Each structure stands twice: as C-alpha cells, then as structure tokens.
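For reference, the structures are reproduced in the following blocks.
What follows is a pair of complexes built around chain A, which joins chain B in one and chain C in the other.
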Partner chain A sequence: MTLRTSKQVGEWINRNKKISFKFEGEQFTAFEGDTISSALWAADQKVLGRSFKYHRPRGVLSLANHDVNVLMTDGIDTNIRADVVEVKDGMVLTAVNTTGGVKKDKSSYIDSISPLLPVGFYYKAFHTPRRFFPFWEKVIRNAAGLGIVNFDYPRILKRKQHSHCDVLVIGAGPTGLTAAYEAAQAGLEVTLVDENRQVGGSLTYDRGGETAASKQLNDLLIKVANQSNIKMLTGTYAAGYYPDHLIPVVSEGGINKVRAKTVIVASGAFEQPPVFRYNDLPGVMLGSAAQRLIYRYGVKPFNNGIVVTANDYGYRVALDLLEAGTKVVAVVDLRKGTNTCGAAITLAKRGIKIYAGYCVYEALASSDKSSVRGAVLCEYDNIANVALTKNKLTLECDGIAMSAGWAPAGALLYQAGTGMQFDNSVQQFVPSRLPAGIFAAGKVNGIFDLEQRLQDGKRAANEALRYLGLEAPQITVARPVGQPSDLSCPSHPYPMVPHDKGKNFVDFDEDIQIKDFVNAAKEGFDNIELMKRFTTVGMGPSQGKHSNMNAIRILARIRDLPVEKIGTTTSRPFFHPTPIGHLGGRGFHAHRLTSLHDWHQANGAVFTDIGAWKRAAYYPTNGQTKEQAIQTEAMAVRTAAGIIDGSSFGKIEVHGPDAAEFLERFFTGSYKTQKVGRCRYVMLLDDSGVIADDGIASRLADDLFYLSIGTSNAAAVYREMQRSQQMWQLDIGLVNVTGAFGAINIAGPVARTILSALTDLDLSYESFPISSVRESHVAGVEARLIRVAFVSDVGYELHIPMAHVPHVWNALLEAGKQHGLRPFGSDTQRLLRLEMGHPMPGVDTDGLTNPFEIGADWAIEMNKPYFIGQRSLQILAKRPLRKQLVPFVLAENFKGEMPMDCNLVVDGRAILGRVTSIAYSKFINRCIGFAYVSPAKTAVGSTFEIRTDSGTLVKATVAAAPFIQNQKGA
Partner chain B sequence: MQVSNMKTISQTSPVAHAQLKSNAKWALVNGINTAVEFGSAEVEQARKKILGVTDVSCLSRYGVKGAQAAKWLAERQVTTPANPNSWSVSDQNTLVLRLGGSEFVLEDQFAGSTCARLASDTNRVPNVYKVPRADAAFILSGSEVLNMLSELCSLDLREKSLGAEEVIMTQIAGISAIVLRQDLNGEQVYRIWCDGTYGPYLWDVMVEIAVELGGGAVGLACYQS
Partner chain C sequence: MKLLTCPMNGTRPLSEFIFGGEYREGPDQNTCTDAEWAAFVHNRSGAPGDKKEWWYHSPSGTWFIAERNTLTDKVSRTYLLGANNNNSNTAQEASK
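Entry: the complex of A and B
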C-alpha cells in the first residue's frame, strides 16, 4: 500500500478491517470500503484497464462511476465499474476487453495502427465486396470490446417497487441536503437520493486543503438526520424522468419508482477534462478524482504531480494534493493573468510554481505507456486556442490532475422538458424554463460558490413549498455575470490543445480524438446529432458525461458558431446503464385460469396462451403427437360429440331499455328487430372500419342482451363499450360477466342426445333451432343455452356460473361416456371451425382487414343511422378490393411440403396475399384453409400458388365453404 | 334428467389451484372447499404478524349496479356508503363497498346472510342490474404488508393516503383489483378482491413475496374464531 495516506477525516474506508483480493492473478490487500480502483491505486497498480478501441492502458479518470475503461469481471458478473464498486474479500478480478491480460494486452498493437482506423472507417471499408461482409462483421464483433455476457448468470431477483413523497431531491451534496432539510422543516415528506455510497457530494472531497468542508458537512448531516421525514437513499441514482414526476431510482437491490409531488434536481456537475496529447495515460486524472482518492479512500494520487487547470478549482485540487503529501511540481493554468483567489495565494505562499497562460502540450509516457513520466508545457494562446510550441518546457512528474470546467448533470432536466440555454458567464447550459413542479439548484443550475449553493438549495425548497401551496419566502440567488475570460468563470470556453500527433482524447469511452471531429465535419456530419452518430462520441457507457461538452465546443469551433447554436444531443432515460435484471424485476405474467384448469391438467392437456388465459389446446393420449391428438379429437366431434371449455370467451350483459340501440351503434348488424330467444352475429369494427372482434348477441329479454365474444379481445371490447356509453349516455347498464360465467360447448351428432339427459329443455330442432337461446337448468345448474354452429352444426354453448362448471362438465362426460363424448381443445377447435368455413378475427384477419375483404358484407347493416366504423366502410365500399379471403383446398392426396400459416400467395414475383389458416382435415381427408388472394381469383375453382418456407410453390384451388356437409335437421 | 341440488354441488375456492401444492388443511366454508390451515397455529400467527396472505374467497358476495341500485339496497335495509369509492359496514357485519357512484359489492362475513337474502330477490327492476360476483378475495396482514404492496401497486396505499373509509379500484400485479384498508380484530389489514380467474396467479405472486419477506400463507381458520 505504497500510496496510502494517513487517516483522513470522514474517509469511507475502515482501516481496522483489511481484506484481500486478486486482480489479474496478483494478490492485493485493501481496506473495507475501498473501491476496486482505490485499492489497486493504493497498491501502486496504475494500469487498471484497457481502452475500448485502441487498447491503450487506462487508470483512474473520475472515480465517479464514469471510468468505463476500468471495467472488470469476477467470472460471474461483467463490466463491473471498478471506480465505484466496493472491493470484497476474496474477489478474483480481471479487466475486461484485453487479450492476455491488462499489463500485456496483445491487442495493444491496435494503438500503433490507429491512424488506419479513424472513426467511421468500418462504415466505408467493409461493405464491399458484399460477400466479405460476414467475415468482417465477425472480426469487428470479436474486436468490439467490453465484457463477455455470462449466459449462466444466476437469476437474482431485483424488486421493482413504488413509493411516494412530497418532494424528491436528486443529489445529496450540499445543495441537495440543504433543500431536503428546508423542505422537511416545513413538514413535507422528503425522499433524498444520491448515487454515492455516502451523502455529502463535493463536501466529502473538495476541501482546498482545509477542514472547514468536513465540519460543514457534519453540521448539515446532523440537521438532516434529525428530520424523521427525510428518507435518504444512498447508492441510488435517479435514472430518468417520466410524466407527472415519476422517477425510477435504481439501487443495487432494484428499482423504486418514486412518484413525487415536486422534484428538486441538485444533481451537480461532471468535471470536464482539458484535451491534450496523452491525457489518457494512467496517472492523468480529473482533479476531483484526485480529491476523491485522497479524502474518501486515503490514497495519494501520485507522488510528484502537476495540476493543469483552466479554473480556480484546480488550485483547490493542488492544495488537497499537498495535504495528501504529494509534491506539486507546478500548477499550469490555461488562463493568463495573476490569480488572486485564496487558493492561488496560498499556493504561491507555499512556493508552488504557477504557470499562468500555459498548457500541458503533451503528457510524457513511460516506456511501456503505463504511466506518466513528465509533461511538456507550452504557452497557450487563449484566442486561437493553440499551444505556442516555440519554448517548450519539460517537467518531470508521475501524475497530472486536470480541471478545465464542468458540465451540468442535467439529463433529468432535459428529459422533463426543461428549456436549457447556454450561459456564457459560467460557460454552461443552465435551465431557462423549468416544467411545473421541477426545480434545479446548485451546480446544475450554474451556481458554483459553496455558500451560494446552500442558498440555492434553500431557494429551490422554498419554491417547491410554494408550488405545493405552502408559504415560503422568495429567495434570489443570482449566477455570476461576466465574461468567459474572467478568472472566476468555472469552465474554460475551449480547453483543447491541438497536437500534430493527435492522441489528444475527447472521449475516453471510444478513443475519440480532436481530429476525428474535424474529419467528421469534413464528411458532412457537422450537426451535433449526426456527429455523435458518426464519431460515436457520447455513445459509450459513460454516455458522454466527460465528452459531450467538449464535443459541442469543438463542433462550435469548426463551424464558427457560438455554442448555443450547436445545441445538445437528446437525453433519454435511463441516465445510467441499468442491468436487464433490474428492468425485468419480478416479472409479473398475469394469467387467468378457468375453473376446469385442474381437470385439464389431470387429463394431460397441453396448454396454450390465448389472451390472458391458459387454455387446453389438446389432450394427447398414449404418446400421441399434437397432430394426432387434434385429428382424434376432431373426428370425435364429427362422428360422436366433443366438449370444450369455453370459459375464456368474453361474456357481457347489456341491460336496459336502450340495450338494442346500444348494440345497433356498437356493432355492424341490426338488433332492434331481434326477437327474445334469438341470437344474432355481432361484428365490431374500429373507427377505420377494421374488424376488431365478433361474437353472438343472445336476446334474453326485451331489455337484456347477453354477448359472447372472442377470448383475446374481451377486456378491450368491454372497455370500448364503457367508453362508447360515456359518449352516448344511453339508458343501459353494462355488466362484464366474463369471469363470473364459465362456458362449455358440446358439439357433434350426438350432442343433443347427451345433453337431453341432463336437462328438461326440449332440445329438438323445432323447439330450439340454431341461433336461439334458452334459459334452463343443466345437471341442476342454472344455465343459458345457446345453439351455435361454430365447430359443428349440432352444438350447444352452456353458460353457467364459473364455480359450477366442473360439476356440469363432469356430468356431461358421464352422460356422454356411452356415446363416445370426449374433450377437445382450442387447437382442435381451430380445425373444426375451419372445416365449418368460419374465419376467425385475429387469425384470418389482421390490423388492416375490413369486412368486405372477408366477405362479411352480410353482417353489415349500412342503412342504420350510425355504427362504429360506418363512415369508413362507406368510403371503403367505393374502392375496389385489393384482396379477398377465400376458402381453398390443396390437391387430393397432397403429399408435398405443407404450406403454413402466413405463407405467401404469389404470382411469379408478385405477392397477392397470404395463407391465414391451413390444416389437414382427416374427416374430409383434404388439406383445407383460408387465404387472401386477388379479387380476380375468388371464384370457386380458381387456382393460385402458395410459396412455402423452402420456396416450393404449392397449387391451391378456391373451394366452397363449409368444407363439410350440414347434417339434416341439425 | 339428472337433477342436482344446487347447494350440494361441490365448489372450490377459485384460488385453490395455487394452493393444492401446499399441504393445506381443507374444509367446506359456505359450501366452498377452502384452505383453512397452512401450518401450525404458531407458524401462522408468526406469518400473520409479518405478512400473512389469506384466501377469503368463500365469503358470500352480492353485486349490483345501476342508477337505482342505492335506492334498491336501501329498500332492502342495506345501508350504503354516502360517497363514491368508499365502504361501510352494514347489518351483520356485512361490508358494503361503493365502487364509483352506482355500483355496489356486498360481502357477508362469517355467518352473515345479507347476500343470500338479496340474491333470492330475482325480480328485475329498471336501472338495477345484478352483477354476478366470482371474486378471489384476500386478507393481507402484518408489518410488511405495505412493503409487498409497494411492489404490486403503483398507488400510495399508506394510511395517510388511503383513508379508513376509502375503496380504490386499481391494478395489483397487473390485474384489476379492489383494495381497502380495515381494522379487523384490532389489527390493520388490507382486503383485496380480483376476478376469480386471476386468483391463483395473484395468490402465487403474493405468497412468493410474503415468503421472501418472512411471512407466508395463512389459513382461513385464523379469521374464523
């Protein structure tokens, strides 16, 4: 632990607990609380990872969750962010994205051929000849770095919860803590989130060589801790903003969707690096990273360091380095002039050499490029923003701390729709127009002075209070007004140092240099969104937190435009990469079971999902295949009888004197003339005339219709009915009885015989013909019996209370035992209805199909004053049909490759339509189906060709439906 | 014709499918086969204190809606809550839930007979529509109940937001449900109703979370005494 300092006030490590771990095969020790990076850095391990593209050695950059070149794997998890993830005893870690280890990465040769690999090279280099592209694709994919997905990753549940509060404060730095305290003082329920393990923000590391910040933090924490109405969530980041102040906050344990009445964003700012040659070497780090190492982890960033700065913050960093025992060789300030800030005066007093108006022209690498051995300084032309290389000066050092400015952590503000404008005085985008209920405070608001930030937190809290209708005094906190050239400006307007040999990195995630932006602009990608995509700046795992602002400045310079004219790229949730497991959560898959589910299960049913329901699809017996089971069940229905559990059908009662009127408006048919005891077909369209669903309306009384509709759309149809009723205000009552009533369909030649044993109702054709409904008892249970002919021309739907369905089902099976009755499933039902020639919405129609295309003109009463979709149908009726659904057969004894649902109907290269349903019917010994064909091919006997999956063309012939003969007296 | 007495037709709780895998003790309650014990009294009491999930689907229910529904109930001596989306307790400890303005769900507690009395009136009255109920119904108890509900529901169900007399219709674990908060035998519980066909799903979800949080399934017997 050669770089470990003495104990620091407020440090995050527990020096009483030592732990050990392995990195790249070597044993290391650490203290409890160390991150992986801090522990390795303390042990003088400088090369922590390799860069994404050029495999350059990389070390600590931010130590703030953005060191994406220092991603590790422990063999189970991958892309572990070493800069913030706490090291654990016994960990065995390796860096990702290396070939043969981080120290001797064989892929590092790519760095030496980097001139051949500028951004966008692969867009141009590999697309021709096309036949080689699969080869290059493989090469590129293999070369593309970061961790390898572990497909054996254990399923670790991450809960997704909801919570509520009056105020959500994002960021627990001095501003956020103050805002939370002030809001809590007023009695509000406050949730305070911070991505760091401990609260305090910059007060935990930015001390300027003094202890005042530490004391200030302690005082603040005591105040906050005394407020029981503040819920503090650390290690938790606010991942995105969604309407009505819904903000998912993500922690290791899962996602908490916080619904807040108001939100205060005190998320701070990301420190931005100056851009100079070799600013990526291990040992070159942001000033705030150096401070974090010192005060959070008790680690000296380097022994002999230079601070290169373009603001006063760098001077504070220098003082902190001195405090840690680092010899500060020099402070190099891009700005000219004598700095009179307190830190500069203190440094001068302590004899630290300050090079004002100078830049680091390049960092000098050790022979293996694994560390810094010095820096070349030049005078810096602050107008042209170039190094004046006539008088170079070389200083020996083993590290460089960089402070060039800040970029607001404003992602959530952008997502919330905040208007942001560029403020020249602070050289930063700041909120200019905040959405209702959202407030920004602190650095993200362009306020940098600590005392002002505390005031700004109080101001934001007061504004939040007033937003919630409480009284609170108005506080004004003004941003400084001045010129970018003023020494007080927290950010430099253009901290770039061009270098002929490049390697001056703007984006560390993707190894993007200044010249890459110039080249992109030359190629015409000179809009910020286009440039982002061509160069990939900001598209790495850190999402441009250290590169976007510099990229904007560079593009502004290239186009000779002010920064505000360039704008920013779009910020989308999530703000930070979030594991899929978090997004997945527990995984609720709501499903419905009929009261016969256990019976189906006990009798070997294979289930299928239809809508939300688990339905028995078929019941294979004695090792039957699916096809065999379906044919067996279908034959039973054709030759004897079958029963199917239809409890999943949608079932809706429409009560009231206007019930018929309601149906007339809602469906396409005519219902006012429907007699009690009769059933009519219903078809529902959407406003564009597309078929949405169909079913049967049974009139039980003048003022009561009982609707049975499809399984999948029942909930949506009921919702649409409610919506329509809200508009129409008819005298009706809608009752959804889908779950309250079960249904059994008994069908087949002996269905009547079987059913008659269980009911007193006269089932004869004369008394109870097709399309009629009766209320009676079956097996002692009150039932609505509907004569349907969906799967057979002898069929009865029995609608009974759901809880009684098993009783009736078993009674039917018992009564039908001697008649060959057997259950059939929904897959068999599809074959049976196909034999009957009934198209099914959702199977034989799609999201564009209108009734004319399926030949359902007969179901439309166009002369009605109104029905949903009528106006669209009136328009469609005047247009020629482009396709039409027809029943078809394949050749007798067809033995070729069986076409499948969705295979195309073709004529040469032209696509005429598609197959919507196709099956072999054992009963009629023929392959039958429905297909869309061109209207010219709809006559019975017309032929067309179906292209199978393998490309074979199969001839089909338009047939008449139904495919089976009706039974006499059915 | 085979004639059955409706009262003798065996019925099973709509939640039963999910409970079959546990070694529950079953009993007929209100003619419905119901899981009454999932463990010893000590185990169940311990679960109940942390997070107990109890299936009370067997309680009798009656649903009615329509513009004249409140009047119709009043004529039958059922006191209804004055405000929409609220609940009250009527005679015989029957819960009366007012869903929106004109829909009511009544639930008899053990030994209550109001629902049966109302169901026996089969006359159809204008603007009074019977709503057949086939709910899965649950009682949730214990200190971790809000922890669980925070995973299942996006609404704030804490005491400060969900008033003592309020009923809310919301989504629980992705399905429509009715929720209220109740002081029952001196403890605060949450009552949940959903369509019975979702019952096994919701039971599985709730018991899974309850077990993770230190609770689990609690038999109906805990509430029968």
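Entry: the complex of A and C
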C-alpha cells in the first residue's frame, strides 16, 4: 500500500526517477528527492526508529531537524537524520539504538519497567554497595548512547572556507527572501543561507489547502534570482554567532566562516508538540510535519486523521490534509469559542466536525503499540489545563496532526547577546534589545501573519541599510496585542494534558514526561538550568528545539511564576551537531627550521622544540643513550673542539645615533662607553626588577649594535624593544635579523686552530680577545665573528647569512676532521655552560628572581638615569636577600639517588631553596649544579642538604664557578 | 573571531594581534615613594569598564593603544602612542 498523493505543485521529488534502497533488511523504492523518512512513510512504513531510553517505536514528528525520532546508520555515519537526508540509490540503512531490529526491538521491555526508572535514578541507585558499581557501570554504558561508532571510519578532511558579505540573511523563508531582495536592491552583497535543500520556508508547506502560497513563493524566487548580488546557500545552516558578525555556515562540504557587516536573522520558529498521553506514537506528528510530507514529497500523512490544535494553524493543516486525500475525522481545539478564521469557516462548510474546548486525552495504540488506532477526547479546562474526564469520547483514526504553538529559532540571537523578553500577546520570547548590526524578522521576531512577515523582512532590510549608512525609509511592523486566550494567538500558553498513567512526552529525544519535571522540582532542581541537567531535557541531539519551550512552561507552572521569570537555558554554538571532521580540518603547527636541519636529520640528531624552533639536542651514535651521547659530545669540546648550530638564536640589530642610548634604557648595563669591536653582556628586567632575558651586544659601529639573545624568548624581547621604542621615540631603527643570519659556535681547545685554516683574520688572543667582535670572511663567506666564553673559554660564534651556513658548517667539519672536531647539540650545550658556571635565565631563574639573587650585581649600572626595572632594584637593594643562587658539587664518586631539577634544598623542615640545574660532568667526574640557598650558606665550602624525590637527603657543597680550569691566556 | 583595527594596517582578525596589557602612566620614578612605585608595578584595577590597552599587530610589528570597554568588549578607538600620532581609528569607521 502506498500513501503517495498525486503530483503537488512545487514538490521536491522527481517522479520520473525511481531509486531503491534497503532499510532494516527490506527493499524500498523512492523517488529522487525523497528523504529517507518520506520514502519509508510513503511505503506505509511507520516505525522508523526507537526512542533513546524506553525503546518506544517512533515515526515522523517534525520531518525537520527538530527531533531525532529517526536516526539511522549506514555502518559508517552513526547519526543520519532520515527526516532530512536525501535518500540515495543503493543505501543500506538500519535504525540506531535497537536490539534486533526496529520492528521487534528486544529492548522495548524497558518501556514496561519505566516506572522503576525515574529521571536521575542512576545518579542515586548504583553507587552503593561500591563493589557492584563496575557491573552497573557496564550495564548503563551499554544502554546509553545512540548507535555504534565504527572505529574504522574514513578520515575525511574538509577545508575551511572564508567569505565576506555586506548582509548575511539567515533563513530563506518569505521573510528572509524579502529581506535579501530588499538589501540586494540597494546594491549590497547579500548571502542567504537556509538549512533546507530548497528555499521557501513555510511557503513550501503551509498552504491551507490553496495554491496561493506556491505562487507567492514563485514570484519571490524570480525576484531573488534576478539579483546577481545575492549568494544563495541551501543545505547550509548558520551554526553559531561569534564576535563582530563572524558566522560559521556549515554544509556537507564543510565550514564556511562568513564575516558579515550586518546580519538579519529570519530563522523562523519550531513547532512545539502539545503534550498528551501517547503523543509519541508513530502517526502522531506535528501539523507542519504533515504539511511537509504532503507538499514537499507528495506523501499522505495518514488516511483517517484527527487534528488537535490550539491555534489557527491547525485549521490550515486540516485543509492541507483534505487536499492530500486524508479523511479528517475531527478538528480538536483546546480553545473554547467559535473560530471565525477563513480556514475554520471553510472546514465547517466542508462538514468537518470541530470540537472546540476539547483536548486529546490520550492517543490509543494499536495492539502492537506501533501505530494509532484512535484518540480519546475530553473537554479541556483551559484555566487549570486539565482534561475533564467525566465524558470521554473515542474516535477512530490512524493519525493525529498537532498544532499548538511555536518557539523562536533564536539560538544565534541569544549567542549574539540579544535581550529576549516574553511577549504575552504572542506567547513567545521575542527580541527586546538587539546588539548593533543584528536584526530579527519574521516568526523569530514574533510576527506570524504572512503579509506582515513580508513587511517585517523589508523593515529589517531597511534597518540594516541604515546601519550601513545608506538611506532607507523607516517601516513599523507591530506584533499583535491581546490576551493569550485570543483566538489569533499563535501559541497556546500551556498545551499540556496531564494523565495519571503518564507517557505524555515533552522531550522526545530523551523520553521525558511531565511527571519527570515534577519529580525534578521536588528534588530541588527547580531552576531551569538545574532542571535541564537533572532531567536532561534539551540535552539530546535536537538540543531542545521541540522541548525547551514546553519545559519552561511546565517549570513556570510548578513554581507558580510567569514564564518570563523562568527564562531560558543558555544557547551555545553549535546550533546543530557538526561533524568533528568539519571542525578539525588540517593540523597546522608552524616550526622554524635552520638551514642545517637536513644535515642534522641525516646525522641522526634527536630534535627538541625550543620556542618555535626545532633544534638538534644531541647526536647519539651506535645505540648510545641520551646521557652517553651528551657526555661524549661534551668531552669532545673539552679535549678537542665541537660545533653547534646556533642559528635559532635571536639576532637583532639596533641602528642609529641613539642606539647606545636605547640599549642603556632597555638593558641594565652601560653601552655608551662600549668600544666598536667589543661585546658586552645585556640583561633585560621587567618593571618589577625580575630577570626577563640576557644576551650579548656587539658594537659593530658607533651607530650599530648587533644583539644575540637566547632562542626561546627572542621574539618576545624584540616585541618589547619595539614597544619601548614606540614610547621613547629615539632616533634608531630596529631590525630583527633572526631568520637572516645563521650562527655556528665552534668551541674547545683546538677551535682556534681549526678556524684559522678558514679565515685570514688574526685569531691570536691578543688581537682578538674574549668579548670582542670582528667582521671578516670564513670559508669565503662574510661573517661576524664573536668571541664568547659561554660553553668554553675558547669559542667563536660565526654569524653568517642563513643560506651559507651549511657551506661554512661543512668546511669547518672538513678542516676539523684531523683535530677531532664533532657536532654537539643543545642538550650538551646545557651541560657545557653549567661546567662554565653560567646561569641561564628561565632555567636558573624564575618569574620572581631578581639580579641580586643570582649575583649579577656586576651587570647592573645603577648610576644611569633610567633603565627598565631600575626603580624596583633601588627598592630591592635596600632589603636583605631571601635566597641566592650558588654553584655546588656533590660528594666525589657520589653513588646515591641523583637529585633532580626542582628538588628542594632543606634544613630540617625548613625549605631554603631549590636545585635549578644539576648534571654529572664526565670531564670533571663530579655531579655539579646550581641551587638557591639561604644567604647564610653561600660561602664556598659550606654545605646544605637536598631532598630527593624519594625523600633521602643528599649533601651538597658550595663550590666556586667556573667548575673547570680555563686555559692560560685564552 | 573578533576584529581589531590597527592604526597602520586597518581592520584585521584578532589572531593577528597580541595583547600587551593595560596601558598605564607610571609615577615619576625619581620623585615617587617606594610604596607608590610598588603600587604601580604590582596593583591592577580589575573593575570592568573603559580601559586603555596595549595591542601588538604581529605581522607588521605595530604597537598601538586600543580603548576598550572590558564589560561589553567594544573597542571604541585605536591609535599610535605619541603626540604626533593623530591617525586614530574609531571602531565605527572600521566597521564600514
């Protein structure tokens, strides 16, 4: 048997193209353009899914994205929304959340024990006795969730798109289409998005048995199609609102981040189900769902139907049902009084029985509980909102259409910070205070009359134009004013019918009934946000689209407060579940690589991340451990020579007549007296006198300093230099040459011998002493040579254009082969500088360390007029030190538990300080390190105790730095 | 994502900017008391309202001041620091 109607004007299906697919093992045919649900419904297949908790049979409720009665899987995608997903030839589908098929779900017994499972039962029931909890946890985890994730899923990456427009119109119903057209007429670039596959909104289904709507839609579409400046995106939902009008719009292809100058929200309203016993049976559906079935897909919702309504829409639905060939058994109107709207008059003329002031007390289920066989009608007390059950009337039918009211699709308005207020006349939350540049129009704005909606679209467009500085006349569109009991009100204030036996569903996703709210309130969860979390109303995949409004009304009734006082739950992005693949996209982590990176890789380097850079940490050979590799490399530097790629060092040039002045203000030392060709230590403090970083300033000319600073902090130091210059406005220029220059440090007793083979520069200690800089050539390449004693007293930093670094590096290795030269990494460098007794900012200092505490008084020129941190140091200098950094050694041949960085220096129960660096040095054959101790313990030879991780105390002795003997004359 | 208007480069997405803390005029370090200096260095007013803030446009290396209401997150004006820098941008201009 088929429920297909004759061809409808404007239907979305192509009757010339038949396709076939499988559902639950059975073969079905459909027309191209059908959704999965419409095709199944046309084939009189009414049990399409099973509910989440009680496994009740479910069919069509909204035939839109407003419920998830019908979730299906094709084995890969676990949540196909069959109501809206177009069926494709060859699809093989099953319903999710069943045990043994949707028709005979073995888990449906849960429905019969539902009185034992009130909301929140699992919060309370299973935590004692504790030993049973793992068992119950397993049971509940099995029962919870919808569908089974296929972990063998294909990885589909969707690229992000970005676009810009003047006006973004959300929703392409009559309001949105009008707004888009009006804005486009003024010459603006308009983007129009709609989640449906075709535009038109309510004009595509809400017809009241006439063809006028379809003609009206056609006229609108022609107007819009002629505007080349309207970009229309269908099958695309506006997923969230982010500051300054950034709206991600999501389609099957991925996310498009739309940056709009102004936004018009014409997103319409969700129809809300009235609540009565068994309102979830397959065959009981929203009026708008029935209309969608008829006009979009040419499917008759049922053969003998009842319409239960509390507004005039129900009457239009009844006419549409008649148009589709359904016999309308009765129209049941919760409201008393004679309705005089056009649709009511037409219905009366056609002999349809209207029960005004009646309700559906309960729907009657067929014997297999999977369809409707009738409905019990009672008179309805519209003040107490209860059924008067004295006189019951049973009508036979196979379907019920419900129209009781609407809730605004206001998620994006809420997210944008719109003030919403409950309008009693239309029984709806409407915008009362819109953020700048955001406009609302149509049903979401509480305007329901079609002609008025068109006007409202135009009004919103005009307001958007004026916001953008264009001229447009002011239009006023007023919401109707009246009592909610007026017959023209689009929503009923309380469309609930209590029933002793319950099963009157408010939230279909989560199987929540009226009594669940009452119980939650009794438990104390009587705030809307608490109630949501306790009952889980609105927490299913449809996020309260069909349930939040009724929940708010019920809570208002329980607490005897006006709806306004209850408020709404917080709306957050995303409006609609968005695949993680859409959100994830490509992984993008930018790394900076030196020009020697390939060489390091080819030579087995282990890399470490320092700042944005990848640095070679050490080069293990022949299965060496990290520790062995580091000691081997360090020994080479001590006994022969080593080279390290220092290209990641921060390098900044300070040009100009005020260059020395700038350095004097920025760093702690003095630089005006520094001679060209000499290098000086620089230390940067913050305003509170805490050490930020350090480095070397080489004066290349009177008006040129070349700074080299540590890798990790270089970008931040440069940024601070720029900020200071912005304030001081000195006659200088700052150039960050970190990426332009590479650097190689060659160090060790034979470094000078090796280097001398590659340069004409006089490298004698007399003419090129420590802390000086020369510009010359190395291996034919222009280089700045700096004599630093960071890792060894004989060491040369060669700063050369980045591209030439590999050439010089290879030349050095070649020249050093016979002398035992080898590369070393940054981890080895840490050990070497420790042996040299150099503390490192950020390693041996922290966010509270001042220069006095590391004994850097020598680096500070307090008599300057100003430097950053000076005033704080003046204060600190007057105070006694609380801790001080000292070099220390452990006992000779120490064999106990090695202390680690950050182990505490203790004296009984008192904490004196902590270890900041510690390592075993093979060259010295001692464990050496730095630690903070109390100022009383700083004399060389005094001892202190370090508490290791396991709690043992290790004795350490304060030593003199450097730990190693330097060469005479170097 | 929020937009911010760099006085040199125009309106750009927030991801191009780095926040540099509140802009505050310090006391004269040569005449102020230790307590006044310590208060300047260590104390901040957390009360929401109109604040002057340092912002850094990272790709171009431009530091500038933004006047922002920390309650509404609305930026009313951005400009370069200094007497000679009159090319300020109001947020209103930027949005058009």
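We adopt the following convention: the second predicted complex is superposed on the first by the 629 of 970 C-alpha atoms of A that agree within 3 Å, B and C clash if a C-alpha of one lies under 4 Å from a C-alpha of the other, contacts with A are read in each partner's own complex, and residues count from 1 in each chain.
Just so it is clear, contacts are C-beta pairs under 8 Å (C-beta built on N, C-alpha and C of every residue); 3 or more make two chains touch, one makes a residue touch a chain.
The structure displayed is predicted, hence computed values, not measured ones.
**Q** Is A:Ser872 contacted by the first partner chain B, the second partner chain C, both or neither?
**A** Second partner only, chain C.
**Q** Contact-wise, after the overlay, does A:Leu468 reach chain B, chain C, both or neither (first, second, both, neither)?
**A** Second partner only, chain C.
**Q** Give one of first, second, both or neither to describe whether A:Ile383 is in contact with chain B, with chain C, with both, or with none.
**A** neither
**Q** Should A:Pro243 be classified as contacting the first partner (chain B), the second (chain C), both, or neither?
**A** second
**Q** After superposing on the shared chain, does chain C or chain B touch more chain A residues?
**A** So, of the two partners, B touches more residues of chain A.
**Q** Taking the superposition as given, does A:Gly733 touch the first partner, chain B, the second, chain C, both, or neither?
**A** The answer is first: A:Gly733 touches chain B but not chain C.
**Q** Shared contact residues on chain A for chain B and chain C?
**A** Residues common to the chain A contacts of chain C and of chain B are 259, listed in rising order.
**Q** Which bits of chain C are touching chain A when the two form their complex?
**A** 1-3, 18, 20, 26, 29, 32, 34, 37-38, 40-42, 54, 56, 61, 63, 73, 80-82, 95-96
**Q** Taking the complex as given, what residues does chain A use to touch chain B?
**A** 157, 159-164, 257, 259, 586, 588, 590-595, 597-598, 613, 647, 653, 655-657, 701, 703-704, 731, 733, 735, 737-741, 757-760, 777, 779-782, 801-804, 806-807, 811, 815
**Q** Quick check on the complex: what are the chain A residues that touch chain C?
**A** Interface residues on chain A, with respect to chain C: 242-244, 246, 259, 261, 437, 468-469, 687-688, 719, 722-723, 726-727, 729, 736, 866, 870-872, 875.
**Q** Provide the residue numbers of chain B that touch chain A in the complex, in ascending order.
**A** 1-6, 9-12, 14, 16-17, 20, 32, 65-66, 124, 126-127, 129-134, 147, 150-151, 153-156, 158, 161, 173-175, 195-201, 205, 208-209, 212
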